[in-house]
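Consider the two complexes below, in which chain A is the common component and chain B and chain C are the respective partners.
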Partner chain A sequence: MSTREVYTDRLQAGVLLLPTMLVSLLFLYYPTVRAVGLSFYRASLARSDVFVGLENYRRLAGSGEYLRSVLISVLFATCVVVGVMAVALCVSFLIHEIEVGKGLYLVAVIWPYALPPAVAGLVFLFIAHPNIGIFTSYIEALGVDVNWFSNGPQAFVVVLIAAVWKQIGYNVIFMTAALGNIPDSLTETAELDGVSRTQRLLRVYVPIISPTLVFLVIMNTIYGFFGTFAMVDLMTKGGPAGATNILIYDLYRTAFQFYEFGFASAKSVVLFIAVGLLMYGQFRLSDRYAYYGG
Partner chain B sequence: MVHSGGGYDHVSRRSVLKASGTALTVGTVGLAGCSSSSGASVQPVDQNSLTIWHAMGGTNGETLQGLVDQFQSETDINANLVFQDSYEGVLTNTLSALDSGEVPDVFQIDSLFAQQVLDTDAVEPVENLLSDDYPVDDFLPNVTSFFTIDDTLTSMPFNNSNAILYYNRSAFEEAGLDPDSPPTTLEEVRSYSQTLVDEGVTDAGLTWPNHVWFVEHFYSVDGQTLLDADNGHAGQPTTMRTDTDTARSLYEWWHEMADNGLFSNPGIEAWGEATSTFLTGKAAMLLTSTASVTGIRSGAEENGFEVDNAFYPTIDGDRTGPVIGGASWFVPSGLPQERQDDIGSFLEFMGRPESQITWHKGTGYYPIRQTAVEQLENDGWFAENPMYRTAFDQLMQAENTPATKRMLIGPARQVQTTIQDMSVELFSGEVSVDEGLSELKSAVEEELNRYYS
Partner chain C sequence: MTDVTLQNVRKEFDGVVAVKNIDLQIPDGAFVTVVGPSGCGKSTTLRLIAGLEQATDGTIQMGNQDVTGVEPKDRDVAMVFQNYALYPHMTARRNITFGMKSAGDFSDEEIDRQVEEATAVLDIDDLLDRKPGELSGGERQRVALGRALVRDPEVFLMDEPLSNLDAKLRIKMRAELAKLHSEFGTTTIYVTHDQTEALTLGDRVVVMNDGRIQQVDSPQRLYDYPETRFVAEFIGDPAMNMLSVDISRDGTEYEAVGPTFRIPLPEGDGLETAAGAKALLGVRPESLSVADSADRSSFAAEVTVTEPLGDSLLLECRTGDQEFKLHAEPRTAVEPGDRVALTVETERLHLFDPQTGEAIYHAAAAESSERSGVPAG
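The block that comes next holds the complex of A and B.
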């Protein structure tokens, strides 16, 4: 939040900003404005568009299927954020504490993050495939009937595990960095005071790295809503029976499989507003709870 | 269609934006599209060569390339095959292309999406491109009937197939079932599956990819149309026929099969997974395309079992016939005459008996010319390949009725998805059969109504 003026020359600042501005305008703001406009049309490919006013929004409001998709997305994103951060925090703490082989562990944990989402989705599909999955028979030996192509809740859990697994690495990078910045004196003081390990993590470390955690909550929320598209597409196609039909997948299907661009635009506008509000709420909360020093 | 002034550059940029679609960034999803479907004057993607968009991957693609190479050397017409990854890929790109006016000369459209392409009013019936003496009568009527609309051949059938039952002879023997009398009805499929599972021979009895094509087959084999208005061949359909014995028997059986672990669900549109489930011996029976004969035969050999095929199971013994699947060649309208002549030559080449024989042998899709079939017969091909014999008999013995013409509707993808998604709820027992079928009916009605209104 520095107010220091680096560039006194407005022209130079403008030139340096220009590429970013251009790219944002062309690929972000312009399409956004068009999407809003298009949401008032019945628009398809190679058929003439018809202005329908608020019809698309009315259809959304009255759609039980869409409401279900909203609930599933919120539940999914919440589980992703909580799951990823809980696991990543534990893993980061362990890596922070360990003396030997730190780098090796770090690489092992970050590895899944280096995979493209599509590859991660495919890997998980063939690990947990109900019929031909590599681990399926072992899981079934434990008494679980692996049946997530037909069983909605199971499918939700499988995609969730894949999504969490993929994102842990990203969180660990930031968390270990934040933990590394904690002064040793603080750790020593805590140890001298006889604070247990868990207490040290939860009461001492977590408050100190809270700015990083807030940042991660936001990034993970975005990931939960948008970044998990490829996994849903490859593993469940939103099914079975809509159990993993998160908003971003639903939107994609409406636009690029059904070619209902107007309706899809209305969905994207609603999704944009919803996630925007959520972000705003998270920033407000973080201002209150995160510790930024001073 | 109104041709507004917009120059080609302008329109093309718009449609590129439209197709490039979704920008996933911080909460922003931008769908850029055009707000009017204006067409610039139509011109080919490549002036110096015919451009053919297709969806044939792997060895099928190689066989197709071989045919195109032969066409080029025989005619001196350049032709460039462009693989578009999937039928959906060809469809999306074709619709954008028709929007922009810069078009491929020939595109391969899945029969499921035929109406959607016809609805653009931007395609030329292929019959107009074929020379007057081209023997259209020599096409197999059971294949061409689907592609003939208002007595005009709208697109050129090319890679066509039906669905058929494959079964594992070795597993049948092991379970004490007679491999020479495969099941013919749903009830028999169920009892065979039960025996196979009870005897511990396979995990499940039957598997097939959850694709609307199979539901269409169950209906057509039973002589029923899936939709009203003759599946869309006699006007715009308004509803799905779910309050029939066919529908109820099918879904009650499907649910029972799933409930008792006799049906192995490979997932929605999971063609590859279904075949692997069968080839790895997890299920002893498989419903899939007749075009898979070669692949399944070699797969079975690798996995050390004997495979055979039989007619698609009937609901209760009555058999009308299967529906056609696969794709055909469409041509855009408005191209210059010389160009159309070249395209005509290409279509004629692809449809001639020699090419059809090469195509059939290389891929397993039906040869669509009677002369080609006779030729194969005389060469002893069917005697050597009894599984193709069965596949072909199933096609040839089919009655040509409205039921055996698959659905021809604009919102095909929506209706397809609705049926597939709802099938999962039905067979997994999340809803009762009555409730599920009536939900399915109203969901399909809604999609049809929205598209045609």
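The block that comes next holds the complex of A and C.
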């Protein structure tokens, strides 16, 4: 690491940093500290806060409903990461290979990502609505009874598809950029050697773009746990019967529907620590497997 | 091993013509170098032979087979790239074997044997477990060569393989490439912008410019008998001097006449038609020398720049409004601004048509049968 002093005047540097630091302090670090503190209280709108120590955490550990939400979140996030990356990799490879209309395909793929999550959720709600959905009749023609308003597993799959669909564009941007950086001569060598397309993708391209893939695994994990809130809220409200009740939605309800701020804070602290640990594990793994050159 | 024939091959990229209907025959087992300035179409020609580009028009044959529309992998060619094109995440060994294993045409024992052979020849046995990032430029290029060798292809295609190496290593690898070719005898097509590489490596040299083949010849003939002004000026460093002259005739005596000089021309083909017209007199810098005293065939010039090269003294001179360069004896006592008398080795003169640039006369009569550097069989 080289340290280069861009500003010789420390005061000037400080002043320029100040706005960012203020915003971060006010909207990021202060709420974090406040949430951790609040998690040790019984807090609600009506009564004054009462210190309860680890009571909130004890309650969490004993809650079967919460445990189920954890399992659903982990399953959901895993499916999102794997689904998004598998589809995005195939799409990126196809876009990378095609010579005509590359830009058009890219725009088409990136479009869902450009939508606000709430709009994407609404759009998907109408695409797949059990009664009036555009795709519903076609899917029912295949012999599937579309009733995800009442069928839990179906609801999970529908929200999952919506979440994947929304996030593919983001992944494709990074993957096509990474693929574009691979020297043509590597592709040509593989072609001359008779390496098949699938082999070329899996044995040549994927290892070379692995740093980008690691970055995307992490971003998609965050998205899987936190970014899919709007879709759950708009499409299923966590139901039916808790089938799509992921942690972020669960804690939102605890806080803003049941007004149990202390309990919700405990939930958010647990989620924060869990995802933090997961990130750490992913970084450690990536150091071992990703190819960073050299 | 096989021969390669290009017939009327043309390549256009979005309306830009990169290769303009070229014909080229590469005999079985030859080492052919293709040389020209950047953008002359030499790399495109190589890529057309590899199948990485599809010809807009014309046919490419290997052996007796028309391969014009054939996939690169089915042409049985191996290519070595300027940037080595090694897979950065694989060890040297895996780089060498990956293609063979993927193609699935070789058994494991066969692959091991081939790798052992090739790496021994290239002296890279110790490097096989390292990744490209841990290898020097020269080592990387050896691994890339190893990858090409193990496939035992019909044709080797090399696209400026030594351009990324430093000067000393380049000379060493040049010698090794020549050795490899004499050992394996595989037909090799080698593209370079470096005329020294082209002349030292090639049995035959193809000079290209602006999408066209200017001349195909053995290195020495290319130097001695350039067919066009472009070849004359491209081959040789410093380039051949071009002086505007009128050709005058007096009985059977011919002279190239400039504003400040008259240079006698030995009898030869082409002089009779050139007489009375304007022409470009081509004189190589080593064919000019500083004379001790002025005589009938010498002429005066002013020295403008002196460049001591060690083994010779390069002089830039001016006579009238024409400038030219010459190699003088080292340690010749001349300074910029001096006037010197120059003599010309008249056996090494050339005349070119000022409009078309084609050669109209070479002072040294060409040998009747062309010496071929291509080994038979």
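The working rule: the second predicted complex is superposed on the first by the 280 of 294 C-alpha atoms of A that agree within 3 Å, B and C clash if a C-alpha of one lies under 4 Å from a C-alpha of the other, contacts with A are read in each partner's own complex, and residues count from 1 in each chain.
Just so we're on the same page, a contact is a pair of C-beta atoms (placed from the backbone, for glycine too) under 8 Å apart; a residue touches a chain by one contact, two chains touch by 3 or more.
Note that the coordinates shown come from a computational prediction; the quantities given were computed from them, not determined experimentally.
S.K.: After the chain A overlay, clash or fit between chain B and chain C?
M.R.: Aligned on chain A, chain B and chain C fit with no clash.
S.K.: In the superposed arrangement, which partner chain does A:S196 touch: chain B (first), chain C (second), both, or neither?
M.R.: second
S.K.: Once chain A of both complexes is superposed, is A:Y280 in touch with chain B (first), chain C (second), both, or neither?
M.R.: Neither partner.
S.K.: Just to be sure I read the superposition right, which of the two partners does A:I248 touch: chain B = first, chain C = second, or both, or neither?
M.R.: A:I248 contacts chain B only, not chain C.
S.K.: Of the two partner chains, chain B (first) and chain C (second), which one does A:A43 touch, if any: first, second, both, or neither?
M.R.: first
S.K.: In the overlay, answer first, second, both or neither for which of chain B and chain C A:W111 touches.
M.R.: Neither partner.
S.K.: How many degrees apart are chain B and chain C as seen from chain A, counting from C-alpha centres and rounding to the nearest 10?
M.R.: Spelled out: centre of chain A as vertex, angle of 150 degrees.
S.K.: Once the two complexes are aligned on chain A, which partner has more residues of chain A within touching range, chain B or chain C?
M.R.: Chain A has more residues touched by B than by the other partner.
S.K.: Just chain B (first), just chain C (second), both, or neither: which does A:Y289 touch?
M.R.: neither
S.K.: Could you say whether A:Y138 touches chain B, chain C, both of them, or neither, answering first, second, both or neither?
M.R.: So A:Y138 meets neither chain B nor chain C here.
S.K.: With the two structures laid over each other on chain A, which partner does A:E188 touch: chain B (first), chain C (second), both, or neither?
M.R.: So A:E188 only meets chain C here.
S.K.: For A:I208, decide between first (touching chain B), second (touching chain C), both and neither.
M.R.: second
S.K.: Once you lay one complex on the other using chain A, what is the shortest C-alpha distance from chain B to chain C, in Å?
M.R.: Taking the overlay as described at the top, chain B lies 31 Å from chain C at its nearest C-alpha.
S.K.: Once the complexes are superposed, what residues of chain A are shared between the chain B interface and the chain C interface?
M.R.: Of chain A, no residue contacts chain B in one complex and chain C in the other.
S.K.: Which residues, counting only chain A, touch chain B once they are in their complex?
M.R.: Those residues of chain A that touch chain B are 27-28, 30-32, 34-35, 37-38, 41, 43, 45-49, 129-132, 147, 149-152, 222, 225-227, 229, 236-242, 248, 251-253, 255-259, 261-262, 264-265, 268, 271-272, 275-276, 279.
S.K.: Using the touch definition from the top, list the residues of chain B that touch chain A in their complex.
M.R.: 1, 17-18, 21-37, 88, 92, 95-96, 98-99, 119-120, 122, 207, 258, 264-270, 273, 276-277, 280, 282, 411, 413-414, 417, 421-422, 424-425, 427-428, 430
S.K.: Can you tell me which positions in chain C touch chain A when the two form their complex?
M.R.: 50-52, 71-74, 77-79, 81-83, 85, 87-89, 98-100, 102-103, 105, 131, 133-134, 147, 151
S.K.: Flag every residue of chain A that touches chain C in the complex, lowest number first.
M.R.: 183, 185-186, 188-196, 199, 203-204, 207-208, 210, 291, 293-294
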